[in-house]
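Following this line, the structures themselves.
You will see two complexes here that share chain A, one where it goes with chain B and one where it goes with chain C.
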Partner chain A sequence: MSEPAPPPSAAWYVYGVVSATTQPEGTGIGARPVELVPEGDVAALVSVVPADEFGEASLLERLNDRSWLERTAREHEDTLERALARTTVVPFRLCTVYESREHVVEFLSAHGPALAGLLQRLEGRIELGVKAYFAGAAAPEPDEPQSGREYLLRRQREREAAEEAARFKSEFAQASHEVLAAAAEEARANPPQPPELSGRADEMLLNGAYLVRRDDGRLAEAVAELESRFGPRGVTYELTGPWPPYNFVPPEVVGT
Partner chain B sequence: MTQGDRLPDVRYRSGGPAQLADVLERVLDKGIVVAGDIRINLLDIELLTVRIRLLIASADKAKEMGIDWWEGDPFLKRGSGDGSALEGRLRRLEAAAGLDGEDERSER
Partner chain C sequence: MTSVPERPLEQQITLLELIDRVLNKGVVLTGDVTLSVADVDLVYVGLRVLLASVGTLERLGE
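Right after this comes the complex of A and B.
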């Protein structure tokens, strides 16, 4: 397959920041090659995108187009993951777009020290995600109660079980986050995803992000430990990653 | 430099690519702005509005059950600021977009 022709009117899409010694690799959004825009010790990981597609007017429309959003988000993520496999990255969020290469250089030189400091802080680090799901209280007893008294007792048991489940829910997620945070350098607890987003019927009660050294296995061990502790009570854990450390880039560093 | 670093080969994802929700949650900021020369308020975008509404709905539901421990997380406090202002804004946006707001929050 031949490379797509450069767009008639170009804009520069920034995926993130890496060390200036990094070799660019592969393609990004719209299958256009990923390039490096260096300035001092740091470099922006960029690719050229069509200005009409990523201009203010049409971008609003595109971001509302679910298939465009999904494709672009995946291309953004894949580009950063490819870089992450080889070097330290300061990942940017979706759609950081500059009108010219010069503007990218201006951004880098304006934020150079902060970006270099962050690159150093994140050196050799990755983000891991841990989600915890709770299967809920036990199902109500199926057979018909034999008497009024049994009915009332049963109702009481159900009420007590529900209260116990609520108490457990409010405790296990925080306890889990604390155990995981102790195995990480930095930790963030994000709002749990509702079932519409998670795609799972079980209730998500922990949606954490953890910054770890890439060769450090302690977080995975902590997950295993939590699984043996809370698993019998209906909790399941899901470990995702390695992710570029999105959750550990302060918003003020990325040009907003 | 970092060229010698290698990721451990372990991929925690069970085969296949990451779930879209996990990717979107990370690559979309918490509803602030598209950066660089292009400035768009992401809250003006219907799809993201729906997503943020889902997140808020879920946080509300959890709070009803007394689960709100992540609210103390400074990272969540920073950023979009006052949650009730955000919610009011979402309601207005939904009304403007003709989305009929579901009733889960209509009592509030």
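Right after this comes the complex of A and C.
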């Protein structure tokens, strides 16, 4: 063992899993170098971090510190995106930390075949996100009705417009997801975010994630097609990515 | 054929967009891991409130 021994307070932060032939590059959490812990065909992308910063007690506190969370989330994401630009990535959730390099190796060894299978399934794939927002029904007619009969007719028109908007709302999100899913290999519809989180006045009705081949432009074409179809009715689409395939890895790997 | 836009690293990804993935998705380890955010749902509730209030303040400030 020619490697210098890490300080006793060190912990191993795991960004994700890649193939063992990947060359680690750049820096990650806290500007610390990104390293590779290989075992068989797979490897963990890691950084050695101070254990006290990532200890259980301080972690809970730090996750609620907006600036720490934002910086850490971006460092995690940037590290995975740098790897994604060159190779296939199994992204791990933020703040997955082991107490020793040996524990990382044990994990890779115990789950090697499953991880290798996952890398194979995801090879050459990226995740794209599509959100759709609906501006809502048209505003009520502004001028005062001239007669009782006109008032009643107007009320009826408004009621019909509201019903039509509700029908449209329930249909366009499903229709959009189906069109997008047909242009992707796998698709997930996540719960739409409420306006106080999305930061937009328009109602979010689709929060989808799509797994596509890196060089496949069909999803972007499908978004453009949906825009021309539903845009005139007050729908806007937002395409994000390429993302590491966060939505297409099993949420849980139970350890030994 | 339209190709997928290459996202430059400096592009502004909203914090929420990012958090929604890095805290809610991706492989979670339980059992043999020293520490993970498997219990983060509780934290995320607090975070949602925090983000929402920051967003509201920013909107009010405009």
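The rule we apply is simple: the second predicted complex is superposed on the first by the 244 of 256 C-alpha atoms of A that agree within 3 Å, B and C clash if a C-alpha of one lies under 4 Å from a C-alpha of the other, contacts with A are read in each partner's own complex, and residues count from 1 in each chain.
As a working rule, contacts are C-beta pairs under 8 Å (C-beta built on N, C-alpha and C of every residue); 3 or more make two chains touch, one makes a residue touch a chain.
Please read all numbers here as calculations on a predicted model, not as lab measurements.
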item: Partners on chain A (chain B, chain C) - clash or fit; value: clash
item: Which of chain B and chain C A:192 touches, first, second, both or neither; value: first
item: First, second, both or neither for A:106, with chain B first and chain C second; value: second
item: Which superposed partner A:212 touches (first chain B, second chain C, both, neither); value: second
item: Partner chain in contact with A:21 - chain B first, chain C second, else both or neither; value: first
item: Which of chain B and chain C A:170 touches, first, second, both or neither; value: first
item: Partner chain(s) touched by A:86 [first = chain B, second = chain C, both, neither]; value: first
item: First (chain B), second (chain C), both or neither touched by A:235; value: neither
item: Partner chain in contact with A:116 - chain B first, chain C second, else both or neither; value: neither
item: Partner chain in contact with A:94 - chain B first, chain C second, else both or neither; value: both
item: Shared contact residues on chain A - chain B and chain C; value: 11, 54-56, 59-60, 63-64, 66, 69-70, 73-74, 76-77, 91-99, 103, 107, 126, 128-129, 190, 193, 196-199, 214-215, 220, 239-244, 246-247, 251, 254-256
item: Footprint of chain A on chain B - complex, ascending; value: 1-3, 5-8, 10-13, 17-29, 32-40, 42, 44-48, 51, 54-55, 57-59, 61-62, 65-67, 69-70, 73, 75-76, 78-79
item: Touching residues (chain side chain C, partner chain A) in the complex; value: 1-7, 9, 13-23, 25-37, 40, 43, 46-48, 50-52, 54-56, 59
item: Chain B-touching residues of chain A, taken from the complex the two chains share; value: 11, 14, 19, 21-23, 54-56, 59-60, 63-64, 66, 69-70, 73-74, 76-77, 84-88, 91-99, 103, 107, 123-124, 126, 128-129, 166, 169-170, 173-174, 177, 188-194, 196-199, 205, 214-215, 220, 239-244, 246-247, 251, 254-256
item: Sites on chain A touched by chain C in the complex; value: 11, 16-17, 54-56, 59-60, 63-64, 66, 69-70, 73-74, 76-78, 81-82, 90-99, 103, 106-107, 110, 126, 128-129, 190, 193, 196-199, 212, 214-221, 224, 239-244, 246-247, 249-256
